[in-house]
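Pasting a structure below so you can have a look.
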Amino acid sequence: MSNVAIRNLQIQLGGNKVIESLNLDVKAGEFVVLLGPSGCGKSTLLHSIAGLIDTTSGQIEIGGKDMTWADPKDRGIALVFQSYALYPTMNVEANMSFGLRINGTPKAEIARRVTRASDMLQLGPLLKRKPANLSGGQRQRVAIGRAIVREADVMLFDEPLSNLDAKLRTELRRELKQLHKQLGATMIYVTHDQVEAMTLAQRMAVMKGGVVQQFDTPANIYNEPANLFVATFLGSPGMNLFKGRLEQEGARTLFRNEHLSVDVTDYPFKQPPGGKQECVLGVRPEDIDIGNCDGADNAVCASVSLVEAMGAHRVLWLDFHGTQVAGIVQDQQQIETEQELSFSIRTKRVSLFDGTSEQRL
Amino acid sequence: MSNVAIRNLQIQLGGNKVIESLNLDVKAGEFVVLLGPSGCGKSTLLHSIAGLIDTTSGQIEIGGKDMTWADPKDRGIALVFQSYALYPTMNVEANMSFGLRINGTPKAEIARRVTRASDMLQLGPLLKRKPANLSGGQRQRVAIGRAIVREADVMLFDEPLSNLDAKLRTELRRELKQLHKQLGATMIYVTHDQVEAMTLAQRMAVMKGGVVQQFDTPANIYNEPANLFVATFLGSPGMNLFKGRLEQEGARTLFRNEHLSVDVTDYPFKQPPGGKQECVLGVRPEDIDIGNCDGADNAVCASVSLVEAMGAHRVLWLDFHGTQVAGIVQDQQQIETEQELSFSIRTKRVSLFDGTSEQRL
Amino acid sequence: QAPAPLKATVIHWWTSGGESQAVKQFADAYNKAGGLWIDNAIAGADQSRATTINRIVGGNAPTAAQFNTSKQFRDFVEQGLLNNVDDVAAAGKWDQIMPPSILAAIKINGHFYAAPVDIHMPAWFFYSKAAYKKAGITNEPQTWDEFLAQLAKLKAAGVAPLAFGGQVWQEKITFDAIFAMVGGADLYLKVYRDRDQKAVMSPAFKQVLVDFKKLKAFVDAGSPGRNWNDATAMVVSGKAGVQIMGDWAKGEFSSAKQVAGKDFGCFPGFGPKAPYIVAGDAFVFPKTTDANAVKAQKLLATVVTSPAAQVAFNSRKGAIPIRGDVDESTLDICAKQGLAIIKDKSRQLPNSEMLATPDTTGALQDVLTSYWNKNQSPEDAQKAFARALKDQ
Amino acid sequence: MEKAAGVAPGGAANDSTIAAQPAIRPRRKLAWTPARIGVYGFLIVAALFFLLPLYVMLVTSVKPMEEIRLGTLFALPMHATLEPWLQAWQSACTGLECDGIRGGFWNSVAIVVPSTVLSIAIGAVNGYALSFWRPRGAGLLFAILMMGAFIPVQVMVYPLVRVLAAVNLFSSLPGIVLIHTIFGMPVMTLLFRNYYAALPMELFKAARIDGGGFWRIFLQLMLPMSTPVIVVAVIMQVTGIWNDFLLGLVFAGSEHLPMTVQLNNIINTTTGERLYNVNMAATILTSLVPLALYFISGRWFVRGIASGAVKG
Amino acid sequence: MAKKRQSVSFAAYVAMIPMALTVLLAYLGTMLWTARVSVSSSRTFPASDFVGASQYIRLFNNERWLLSLQNVAVYGVLFIAACLIIGFLLAVFIDQKVMAEGALRTIFLYPYAMSFVATGLIWQWILNPELGIQEVLHKLGFAGATFDWIVDQDMAIYTIVIATVWQASGLVMALMLSGLRGVDEELWKAARIDGIPRWRVYVSIVLPMLGPSVSTAFVLLFVMVVKVFDAVVAMTQGGPGTASEVPAKFIMDYLFGRANIGLASAASIVLLATVLAIVAPLYYVRNRRAAKGA
């Protein structure tokens, strides 16, 4: 078990500043998920932790020791490459056991670990195949297998399940969680799958442009995004945003724009709001109650522009004065586009952001 | 616009029968999603449609013409490779425009298409970069770009969005749908993302082991899976299954096992059920109503074994006499593991499968 | 128990069939005399000499190594890398029996540093009797002009008059032959030995150059780059009339089963007083302090210069012995002729390599090949020739 | 290698498909399209050009000398004879000995095998280190090494003789092996360095993470991926060393003289008569070993050695 | 730029020892030795005196040397270009899954296996106007046909090009083939989908990917150019006259036959400097580009 501490990391690749003064403190044994838009520097970060990229400045500490310039093999890490990087001349089994054989792990132990990994990853029948003869998902699983057999102190996963089907992904998610518990290893995990992120992460770091935007538990990030970017990045569909102003009406604080007025008196402002502040109101789709347009309290009407069936639920897109507002309906009630529906905002769970700095208020 | 018809396709790779007598009829202009577990032959199928793999037997018809042995370039197709297969020595722009330049598309037209694709894929600032200097997701987008600029009659996508973040993925999903409408091209799309599958597909083919299990609209497949495999493969979490027997009680037909008894009289049996037939009852998690364990009608009690927060909703796993039953709760009510809860099955939307053939009854 | 035989490692470049036969005579004679000949044949004179140098430098010197009777081994002597064979020379009375030009080459600062083994005449005229007959020529030419006339006749008869190999060294041989014949021995020595600039710039020398270039008219188009063997083959097959080449060319004739005097003829020059250019091979003996090796060197020097070995060797090699006191019955008629001529000291003429350093010889070759092949005036060639001689 | 016909659709089932639908013509790799005819056309023309000198050599080698003197280069022999071949192999004189070229055969083998192995091994290690590890100063060393490739070998011989004599390796088998390794190093290093530069860097990174040290990664990962370039390296080194006679002559010592010294003695006389037919036969005979190597090397020119390794 | 770099395995340094020793002792040592000899009056053996630049002055007063440099420049450009093009074409055509690939490969490669002493003679014969192709053409009735480059002052160097290209392009083919075979099959598929004609794929995709192989081949051929000797000696002996003289032959002549290693060393140094002057900018540009790309 090793902690991973990154201080003021800066990395340049081919002249681009990819990571800029990044700080991240991963506790020993923690499961941290990195989340961020494509190209924001997640892989770069993992590679620099692994020691595969020279850092421009800053410091990387693993297990309490400064490892900024240490050799990859001395860092006690395992890494699943986003691009797999399988050894093309070795079969699946050899790919997985290569590292162990190098480290002189006893044969029996190697066999045990490889069997376990291949069972977990359902690679059993493919052990003798070369990577070129595998499907994309199978290759990805070999890449995972190669990392997990190492049972390293720090395991780095770069989008390890992206090419697997949902069912297998769910299973592996659970297996990985299991593995984490069993090994007690520190895990840093890049994924674009928010379900994966939510279910696996003890803490989650949301990155953008090489900078960590928020580093907190999944629930906190989901419920209290630190800024507009995080708010819109998470959730599917993302938060509904309404531009407006904060207004004081006696003891009440109201969010207002031409079409909406929401009472945010109970909102846990970090600083007491000043007068007439420009701000953005964020509401998760599931915090929007959809009803019939019959003029209930706090509800406004809008016409349905799109209905997306998602299996378990449906996403409704309402056209509210030109803004698309997403809501979620669970029931099976017939909904047509163009139909007028009402929606109301559950004020308890809204987020408010500063209109200019875009930071959470 | 071309239809794609596949008849009795059989493909062997390296001695393995990867695809066995597969039939698929994709109408001109249709958007079909291929879904299936890792290694089931989806990529192989796409490659054989594209003419990159020699078929062992069978026939492939595109646009009404037999194209089984035609050259890829004569098939009017575009393909996004699962492994991207970008031209490593060309920059992003050249990667996208190369095919067009070769085919003598006018310069202005090339510029138009490339600009459009790079806008859509947010590749604008990267046009002059070589693939080696791109992140995984950026490479994937280049691969998509290369395919869509071709504006082919048939477009094949092999897990095109797997390495993109949720937000971008949602945007691109919409853009692709747009593109589909605009070009009227036939699209065959492999994905593991069920949301993607559900939202994009006009029809969906679920494959397993090189064989199409069901080919129907997403709603039909979700609601009326043709067999146990499809039932469990789709949905996240998958359908809850209960083994039991069908019993006739007067006019009523009951599903029974030791712990459960469900009235399935209204179930639209394909053939009237015989007596005491072994069968499996399938219930989607969202069709399980969770309540407090207070002995309501039709409800049974079970203890919570796991709660998974998914952001918008939570998945509850109930331990029901050794079987894990998944249910979904929307509200914010506090739920602890080990807590006893009741669940009831909405009988209207269950599925029943034969106990041995595993086919839908 | 008999003493172990004296081992002698000998580097030489006699590798063709005829040469092998010849060198075998030496080896046999040496072995019979109580030695053990260890053969190190390395084709190509340059290659062979380079190997000798490297073996000496590497501390693995051969007992003896072949060199041309020339200035090639001067540097060795200056570096003190050679043993002399003064005792052998004294015992064998080399001073008296060997031609002076040869002596001049091997005797440096009063010491004998090489044992000469043969005398080659590099500028024989070989002609095809068949071709001569075809052209209606019956006699060997007695003057340069007659020779030119014969060439013209040959040309008229449809044969290639002069079988010529257009390689620098062959051009040089041909030039030297013409030089000796047309310019005369005095001019030849003044130019080559004394490096007399005035002689080079003289009209006589210019005439030599002009005459040399006259041959160009009698050379076929395919001559540039041609190997001497291919040129000889033209004479053998009667396609060409004459070749100016060293006496080793006889090997080609004899391997084609042609007999001197019958199928082909040979003459060393025009007329009875024509100079006879002398060249040859010699063994040098790299420095060693190993007494046995020194003994072997002396034995070898004695054996290879002995009359019997000389005749045995040279009759196979096609050259003439370095001494006149031998039984010449086994020599061919060209060699007999040569042996007879060489007894007349006035006709002997050392070849240019005995007189000039290899560097100078090379520079002269460059000048001549330029003159022969390019459209250069004789005056320019003359100047270049003078410069090449002065530079060294 | 030639698996063109290998993937033919199997058996009767396929035949019936064809019978039922005559319109479908299964694509054959060997179909005679105009493009393929062009390919073969080019190859045949090129092959003829390449073979012309060999034809002359072969014809010459079976002609008696009298015919060769006629200068009818391209004519078939009137009286073909294998005598020159026999002579070249077993009775041509190479000095005092008249045993043909066969004498040095095993010497050549004894020089070629270790020299090839050693020079390729060192070249591969150098190339690998230069491509992936880039130790400090290695770039400069490599640059000097490459400059060294441009010095004529002959110029280097003299100083090297002194060096080898100083370490007591002059005129010995290890000495000549060392010399071949030294002279092979620039090109071998370059060859491997550039080959490794084209492999995906990610593989190396993955192996580093797996804890692979310098040698482990080289032996277990890089070497197995190097077969095509090793074939090229073997072709170059075996040919070069097999055909070398200068270095063998100088450094091998008289006990280990390679076959080519014999060959050279046969074909490269200064003033001795030349038996062209024997020369040609001897040349061809000597080159048989590299030729055989060329022929069988094809199976290691494998396709897509790194395929399936990385995505992207 | 990184100030520090990741530590490099100790083994990597150990592995460089043979190369370092070779470079220092064999190559650098030789170069320095040669430089030293070039400023001495050495003849057969190296001398320890110092004569300044006199060997260089003599060298640059030597027409033959200047001509050699000129010749080798012409020769080099043609030879390298022809070998690269022919070698690449052969590799490409052989890569078309042709029948008898092994035999064809051997045919294109065999000249490389044969001593130029013999094959050069054959070329000399074939090109000789009295024996070879021209003669055959005449006999076939093309009386006016001339192909006498080898005896032509102005054309002789081109015959060297022909024969050496014949000898070396097979090796380039093998080199290219090994590179070609390394190209991922998926790329071919992508190109087929894009409807790119095969030849175009080779030119636009495969060839750029073969960059490292091409540069290997280039250096290899460049080395051959600088060292070209055998072919000239066997075919023209530098003739007619000095029309096909090359620097290596010049050096060899002075090294051995003319026993003037001082001048030969000076020539070697000049040759090396010339090469450096040509290669250094190329190397610099390539490195710059590589650094940018990394």
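The chains carry the letters A, B, C, D and E, assigned in the order they are written, with residues numbered from 1 in each.
Note that contacts are C-beta pairs under 8 Å (C-beta built on N, C-alpha and C of every residue); 3 or more make two chains touch, one makes a residue touch a chain.
In UniProt terms the chains read A, B = ATP-binding cassette domain-containing protein; D, E = ABC transporter permease subunit.
Keep in mind that what you see is a predicted model, and the values were worked out from it rather than measured.
Novice: Any chains in contact with both chain B and chain D?
Specialist: Touching chain B as well as chain D, we find A, E.
Novice: Counting C-beta pairs in contact, pick out the pair of chains that comes out on top.
Specialist: D-E
Novice: From the C-alpha centre of chain B to that of chain C, how far is it in Å?
Specialist: Distance between chain centres, rounded to whole Å: 93 Å.
Novice: Please compute the C-alpha centroid of chain C, do the same for chain E, then give the distance between them in whole Å.
Specialist: The answer is 37 Å.
Novice: Counting in whole Å, what is the centre-to-centre distance of chain A and chain B, each centre being its mean C-alpha position?
Specialist: Computed value for the inter-centroid distance: 22 Å.
Novice: How far is the middle of chain D from the middle of chain E, if each middle is the mean of its Cα atoms, in Å?
Specialist: Averaging C-alpha atoms per chain gives centres 16 Å apart.
Novice: Would you give the residues of chain D that are in contact with at least 2 other chains, written as numbers and ranges?
Specialist: 71, 154, 158, 213, 264, 267-268, 304-307, 311-312
Novice: Can you list the residues of chain B that touch 2 or more other chains?
Specialist: Touching at least two other chains: 82-83, 86, 133-134, 136.
Novice: Which chain C residues reach two or more other chains?
Specialist: Those would be 45, 47, 50, 53, 227.
Novice: For the complex, give me every residue of chain C touching chain D.
Specialist: Answer in residue numbers: 9, 12-21, 23-24, 27, 37-45, 47, 50-51, 53-55, 57-60, 120, 227, 229-230, 233-234, 236-237, 239, 246, 248, 251-252, 255-256.
Novice: Given the complex with chain D, which residues does chain E contribute to the contact?
Specialist: 8-9, 11-13, 15-16, 18-20, 22-23, 25-31, 33-34, 46, 86, 89-90, 93-94, 96-115, 117-119, 121-123, 125-126, 130-132, 135-136, 166, 170-171, 174-175, 177-179, 181-186, 198, 209, 211-213, 215-216, 219-220, 222-223, 226-227, 229, 248, 251-252, 255-256, 261, 264-265, 268, 271-272, 275-276, 279, 283
Novice: Chain B touches which residues of chain D in the complex?
Specialist: Of all residues in chain D, those touching chain B are 7, 9-10, 13-14, 17, 21, 23-27, 311-312.
Novice: What residues on chain D touch chain C, complex-wise?
Specialist: It is residues 65-66, 68-71, 92-98, 154, 157-158, 161-162, 164-165, 170-171, 246, 249-250, 253-254, 261, 264-275 of chain D that touch chain C.
Novice: Under the definition above, what is the set of chain E residues touching chain B in their complex?
Specialist: 184, 186-187, 189-197, 200, 204-205, 208-209, 211, 293
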